[in-house]
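Labels for the chains are A, B and C, by order of writing; each one numbers its residues from 1.
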């Protein structure tokens, strides 16, 4: 502790779990927006990641409310948010935004996209598996051309609807912080936009990592045009995200309001490692330079021609650094916003505990849980499109050799 | 119509119906009666037991003490400020007795000298003030007055006295500038001592032309139109 | 046509004197009984507050009241009796980070540096200042929930577990709060804390259980110098209304438009 804090500010009220929540939600929104690139904006190169991105979004969305739930004083009362939502509360909208996004956007899109496969698996499988897939088709087993066409166009429309929904989902998470006028570190109109952009950054980076890891694990060749395109979009997203954050920073510095002194102390002291070193240098500037030099971002050819093997490693490294950076960004917002007193006269300290519900251990568990769920989803709904009915006749011929 | 639409419609309808039904069952009965909250919560908060009975309750039985207190300098101090929460005593006057804090330690909670306390609030140096006799030997806690009327203003105005003693005005008595009616000592807040009103008063010593002595200025030109104490604190006159 | 305005808070239309009991008579009898040494259990007969009656013996009507508090820092002596009384009255744990009310000390040095402290919320008073010479001024400021008319804590509560009552008091519903602590984040004054015992948000209630019985909040009852004045904000003939009329009034952090109902007299600009 340093200076004066209000006596009730002795403890931080939102800890690592609440850092995790915007991080996970951001990955959902980011992964979905990446998926929409192929579907709506016709970026054909990223097609290999489309289904993986969808499943990733679903896996992380399932886990996203868990840290919130675990953090509540009364988790068993959380249903009240559906019973008597306070229409003036940003947080009350969570239940509805979440339900909308899960049920109407993600599940529906996955269902329409997979229905042809579900029917295929149902028809080819035996025993309980057969009935499991039949249940997933909801009995809609019609594979007529008209039906398949409907799947395709319904999926496209849901994606179109999904883009604003993804914006809503994560912009709203930013609004939860940005609308707290009591807290000068949070209160900013840019907060939802910054959250959204950083979500896109983290989502693309995550799918990039997952795509490389799963492809290598299956012993298949990495689709390099796809990877180049992903890296390029990652670079663009970083540029916009960085610009917005710098704008926010300059704006605060220039307006130099009452809070500027304590916020400067905060950045120079408590947040130096997580903000300057991890978020800005390692998490943003290094990937920015690496990707800027090695992707096709500025001209038909990259600034530096790098052999494929090295390029893959550089992309992977950048994507991992981006993850560290974005997690640090969530940490700096959530924890940073509670490290200074609202009297603007002092700083407090945050001690990370290891065990306990809000500790490091459960945070790591909740970080790994979506990966486990993704693994399950991939087992149930293989996203690789290798089933016989997905092969074009020429490819079938090629495989049969 | 394609097969998918009716199938999905059924699933969604069932889900929404279950949710709406559950919602109807689970909303607390008094929710929304007076606003977006459970009206019953107000009653349960209002039913919280009280611990401080309030001075009116004490006065019902302890009328004598109340009369003394209301006539003295502790007229604004509630009984339970010193005697502690007394609701249990009101419920069972013989079973529970309030505390009688007759130690020095308790009185100095309020009356020890502390520079942050408002000027004029009676404060003493516990280590020097008749140590270690209990306060009540000389002061009636229900109507405390000094056993002898203080001769010195510093008895109450310790902070000013301290400052003045270090200043160039150390030798001046308070009466040089202030007139304090005797009644001020009994009713310090309602009867106030006078304060200087004119520059001429300071001029008595500081006007040009008086030989040997304090710093001198030309009253006609120096610092017009301000009063002397707008710039200089008379109890600790700064020259810069 | 009636000449009495129908919305007059002091004289609700149709209000009648309580029948049967003449309170002054009762007081005299009680005093006589006590003087005669007869033990009487007061709780059963009608001491305000003790058995749920108001002073007038009428049922409490929240629409007839609108509460606020006046604070005069110039009268505060930093004795901490208010903090103590509040902890006792409201079963607030005597641990760190659990204060419905607390007292801050401001020390403004000659160079303009401001030093604030509040050891244990001022519960056990304040140590003497070490270096008096370099000090421009020093004073105490009692703090508590401002019971804002536009409370950010109520705005953010997702489920409606915290609310303003009809008489203008901001309360928490212990049995409905989900413990998300968004309200604690949203309060600009640090007036809310987390009650570990019940795992819900907690705060000053203006001693709601007392004021509905016609008593003043415990901090006001315990304050030896009348640095706190509790009462009706509206109307003219109330102690608080008089306090507001006769002092220069400030509220804390007015720029946030929370419209506090705790009014400070002649507040120093450094206080926030």
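In the analysis below, contacts are C-beta pairs under 8 Å (C-beta built on N, C-alpha and C of every residue); 3 or more make two chains touch, one makes a residue touch a chain.
Everything numeric in this text was worked out from a predicted model, so none of it was measured.
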Task: Please indicate the chain closest to the centre of the assembly, with centres calculated from CA atoms only.
output: C
Message: Count the C-beta contact pairs for A-B and for B-C, then tell me which is higher.
response: B-C
- line: Cα centre of chain A to Cα centre of chain C, whole Å, reads 46
Task: Round to the nearest whole Å and give the separation of the Cα centres of chain A and chain B.
output: 54
- prompt: At what distance in angstrom does the C-alpha mean of chain C lie from that of chain B?
  reply: 14
Statement: Check: chain B positions touching at least 2 other chains come out as 28, 31, 36
Query: What are the residue numbers in chain A that touch two or more other chains?
result: 83-84, 86
Statement: Two or more other chains are touched by the chain C residues 160-161, 176
- prompt: For the complex, which residues does chain A have touching chain C?
  reply: 3-11, 13-14, 68, 71-75, 77-78, 80-81, 83-86, 88-92, 94, 176, 180-183, 337-338, 341-345
Message: Under the stated contact criterion, what part of chain A meets chain B in this complex?
response: 79, 82-84, 86-87, 103, 108, 111-112, 115, 138-142, 146-147, 150-151, 154
Task: Spell out the part of chain B that touches chain A in their complex, as residue ranges.
output: 2-4, 7-8, 11-12, 15, 19, 23, 26-28, 31-32, 36
Statement: chain C partner, complex, touching residues on chain B are 28, 31, 34-38, 41-42, 44-57, 60-63, 74, 76-78, 80-81, 84-85, 87, 90-94, 109-110, 112-118, 121, 162
Message: Could you list, by residue number, the parts of chain C that touch chain A in their complex?
response: 96-99, 102, 104, 114-118, 120-121, 143, 152, 155-161, 176-182, 184-194, 198-201, 256, 272
